[in-house]
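Please find one structure pasted underneath; my questions will follow.
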Amino acid sequence: MSATTATPSVFPSFAEVYQGLAAQIGMLREMAPQPTKSEDRRLKGAIDKLIEETNADEAVWLESCIHCGQCTNACHYFQSMQDAKYAPMRKMDLYRRVYQREISPLRWWYKLISKPVKLKDFEEARELIYDSCTECGRCTMVCPMGIDTASLVHHMRTAMVEAELVPPELAALRMEQLHHGTVFGSSPEALRKMIDTIREKTGVDIPLDKESAEIMVLSSAVDLVANGNGLLATARIMNHIGADWTICSDGFESANFGLLSGDMSLWAKQVEPIVAAAERIKAKTMVIAECGHAYPALRWNPMLRSGDLPFEMMYMSEFLGKQAKAGKLHLTPLDARVTFHDPCKTGRRGGAFDEPRAVLNAMNADVVEMPNNKEYNWCCGGGAGIFLLEDATKLRDESFKIKIREVNETGAEAVVVSCASCRLNFESGRQKNHWDKRVESLVELTAAHLDDAKGADASARGAAR
Amino acid sequence: MAYEATFGDVLRSQGVSRRAFLKFCSTTASLLALPAGTATAMAEALSETRRPSVIWLSFQECTGCTEALTRSHAPTIENLMFNFISLDYHHTLQAAAGEAAEHAREEAERENAGKYLVLVDGSVPMLEYCSTVAGISNKAMLEDACTNAAAVINIGTCSAYGGIPVAKPNPTQAVPVGHIIKDKPIVNVPGCPPMPLAITGVIAQYLTLGKLPELDHLGRPVAFFGENIHDRCYRRPFYDRGQFAETFDDEGARKGWCLYKLGCKAPVTYNACAHLKWNNGVSFPIQSGHGCLGCSEPGFWDMGGVYESVATGKFGDGTRLGAAALAGAALGAGAAVLARRKKAHVHEEDAG
Amino acid sequence: MSLLEFARGPAIHASLIILVAGIFLRLLGVLVLTRGADLSRPRDAFGNFKGYRTVFSRAWPSSEFTTTTIYQTVMAYVFHISTLLVVVAIVPHIEFITSLTGLSWPGLPNFIGVALGTIALASLIALILRRLSNPAVYNSTLGDYVTWIIVALPLLTGLMAFAHVGLRYETMLALHILSAALLFAYMPFSKLMHAFWFIFSRAQSGLAYAHKGVRI
């Protein structure tokens, strides 16, 4: 795409970003915290957590499974590994055992006939709960009972936090976020530095900490410490549409390792400063950076009464789509056949299907859907933190081959994603498989196709002159 | 008794032709599933047979079984055969009365020790003096009569399985003969009343072949009770087609459709009614428009209503099911409330 | 008391009491649990209501899954429909239901009943064969096999009694009623409860996804 090359290459390409980040991820394992509590307390904590988290919804889902096996083939990890243990229904077995023994109406009976749950059971479940489930929810789409396995796996993750069995990479990042609010060594200083760099090298202005603004934009650690292009692209688009926007140095981090690890209190804690900052600056819209899980962490946060908040939260792709539909985005044509990959967290489990496609249509791109798309999209295999897990490397790499097949079938030359995790995983898969497709980020692609002659900033410049 | 007439003499004196007699023998032989040549042998043996001694004991009964045998529409070989046997004791039929009658029984028992047959109709009350004959309780008389008997043949459902006297609440604590007599061969010929041919068939086989017929698990001759009435019923095709009389006066009833829904017990009743029929093959209950009562089966009087179909669950109304629903709901809700408390407790611990 | 009397008297009565009590126990024991609240703002104000659609829409898998699910879906439908028809449309069963509820309706001729029962049993066998031949896909537990046997027994004994095959009719009938009693008593404590759960389970997921504007 000609437009892409026109962008001044201030920052490294995403291929290089990926390689740099991969090296950094390798070090996470060493930083992982060791268990601090006694085994008994870890076990009790995990079981108590599940007791606490189990409501009628979870109970019904746990009761409903009939082992019909339909979900098995719907899971990308089973499809690629053909190993019984990766069947989605297996991922709730331990949860069900705890449920049956502690909460179910027949618990007195189950206490007699089922084995007591041990910490070892949780240890064995770790691979199923983290490494081999991206909580993508594709199994729910085929389940005749409609069981929401992904949410059950999420509850298991909350128990795993209590059992201190979070995989080392996620555990390390969780601790970092617990203490610093951000991850990968990112910080308000890093944000300021990045904004300065962008201003110096490209002349693009990013309004930081405005007292009030209509739009509050979030960033993410990956953008700040590795991929400057993400923030740059966002800024260019915001300026293009002439938005009254800002980034708050006390509430900019989209990434939420509370959600990814299963630490509900960290999840909630991480959301607080962001909401506070948005309320302070009287924002009307909060735009969540292209970081898939940040969308459920904020927009679909079940602990946050977001209907009462004075602002609306939307994902980057949603925001772009709305602008495109409103005619505010003036884009140059994209003369290519592309396909769009719906990230699980914003697509099947987020509902933002139309907007990203509206952006691509605004570029007059030849958008071809994959055989399984939208609600039925195959997960790329890197979501829910799995991209970071060394133990999941094989699972990730094997399951990505499904994605390669799906994209290849469209005949597209590029696949557009709108999620940093998906993008990293696609990049990893592209490099490992010497795949001839390009992987584009929706926000960067949009920025590259801005029609500078027509944007709001252009007219503002014209008016100033 | 200088000369005891043979059965052949009796038949001849009654004007029965040899042809008719042979027909009876071959029918009986085929019913008993005996080899083809047996009919002639049976005819020979029967006509030469001396009058066998039979003691007929009637306990808690209605005399219906005797009636069925003796009140046939026309004189048949069956009842002629009854004329032939030496019915040494039968307090309804015998001429003797009082002490003379009891004396006849005692004498027959003594003279034919080990050879005579005991035929019983009626059940035996264990409340001993609910039923007595000549001051002797039924139980005592039965035990006494059976001491030297060759075999016991229970005529009718009462003696075979208890029948109506045993029906709830069984005020006399009646029992079938088999509950008291354990050391003699017993043949049950149940029915209320039993089919005459079944009675005579058993006796004929015993007299000619010297052995009792093959019995099913309820002690009944397989030859007469081996088949399900439902399987032999001429109305079976209607059952298979799903055509049922719903009431006794509807179109289905008039058209002779299956009586299953009107409580016919034929599917669970084993007897020869449907193919041998009654009154010289004239009819049987189902043919006359009423469902089978299952009278030849144990406990027939207590197996639910006469007009309740075989498939009916026998447990009254649904009150207990309603109670079970309420109890289950209460237990379930209780369990859930306790679980909610547990959750709240765990939550507090977690927070604290 | 004969076996048949036991079967259609105390046995079936007890099993129905267990069935009814067990179903209510398990349903209420779960449904009365606290309801978790999703406080986030739904995508559109009335969107959640659309979630109930999933109760019906999930009756057939989406075309994306056809290859992997068609065999089982078709077999399961054949099994469920033929079994349901056998249960409610042959005369002896109607008579039983009538004796319990007073309701009555016309039945099917015997040959159709036998055909349906045979089809039901055949589809059940087809399903277990697939379960056995794809162990990785099904991850079967002991409970899965026990349930299969308990479901198959009434069909088998019913057909045998109906066709007068095997033991004496009243014994087969008694065994049939006993196997149905076993099924009734087992039902509330097994995965057969999916007969009820599917409504709640589908509705919940439908609502959860509709909340986010996703139609599943």
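Order as written gives the chain letters A, B and C; numbering starts at 1 within each chain.
In this section, contacts are C-beta pairs under 8 Å (C-beta built on N, C-alpha and C of every residue); 3 or more make two chains touch, one makes a residue touch a chain.
Computed from a predicted structure; not experimentally measured.
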item	value
Most widely separated chain from subunit B, with each centre as the mean of CA atoms	A
Chain closest to the middle [Cα centroid of all protein chains]	C
Comparison of A-C and B-C by number of C-beta pairs in contact, larger one	A-C
Interchain centroid distance [CA atoms averaged], subunit A/subunit B, Å	82
For subunit A paired with subunit C, centre-to-centre distance based on mean C-alpha positions, whole Å	40
Distance between chain centroids, defined by C-alpha means - subunit B, subunit C (Å)	43
Multi-partner residues of subunit A (each touching 2 or more other chains)	54, 103-106
Subunit C residues counted as touching two or more neighbouring chains	25-26, 28-34
Per-residue overlap in subunit B, given as positions that touch at least 2 other chains	331-332, 335-336, 339, 343
Residues on subunit B engaged by subunit A in the complex (per definition of touch)	331-332, 335-336, 339, 342-343, 346-347, 349-350
Footprint of subunit B on subunit A - complex, ascending	48-49, 51-52, 54, 102-107
Touching residues (chain side subunit C, partner subunit A) in the complex	25-26, 28-43, 54, 58, 61-62, 64-65, 68-69, 72, 76, 131, 134-141, 144, 189, 191, 193-194, 197-198, 200-206, 208-209, 211-216
Residue numbers on subunit C that touch subunit B, as the complex places them	1-2, 4-5, 8-10, 12-13, 16-18, 20-34, 91-93, 95-96, 99-101, 106-111, 164, 168-170, 173
Contacting residues of subunit B [partner subunit C, same complex]	228, 230-231, 239-242, 244, 260-261, 267-268, 298-299, 303, 308-315, 318, 320-321, 324-329, 331-333, 335-337, 339-340, 343
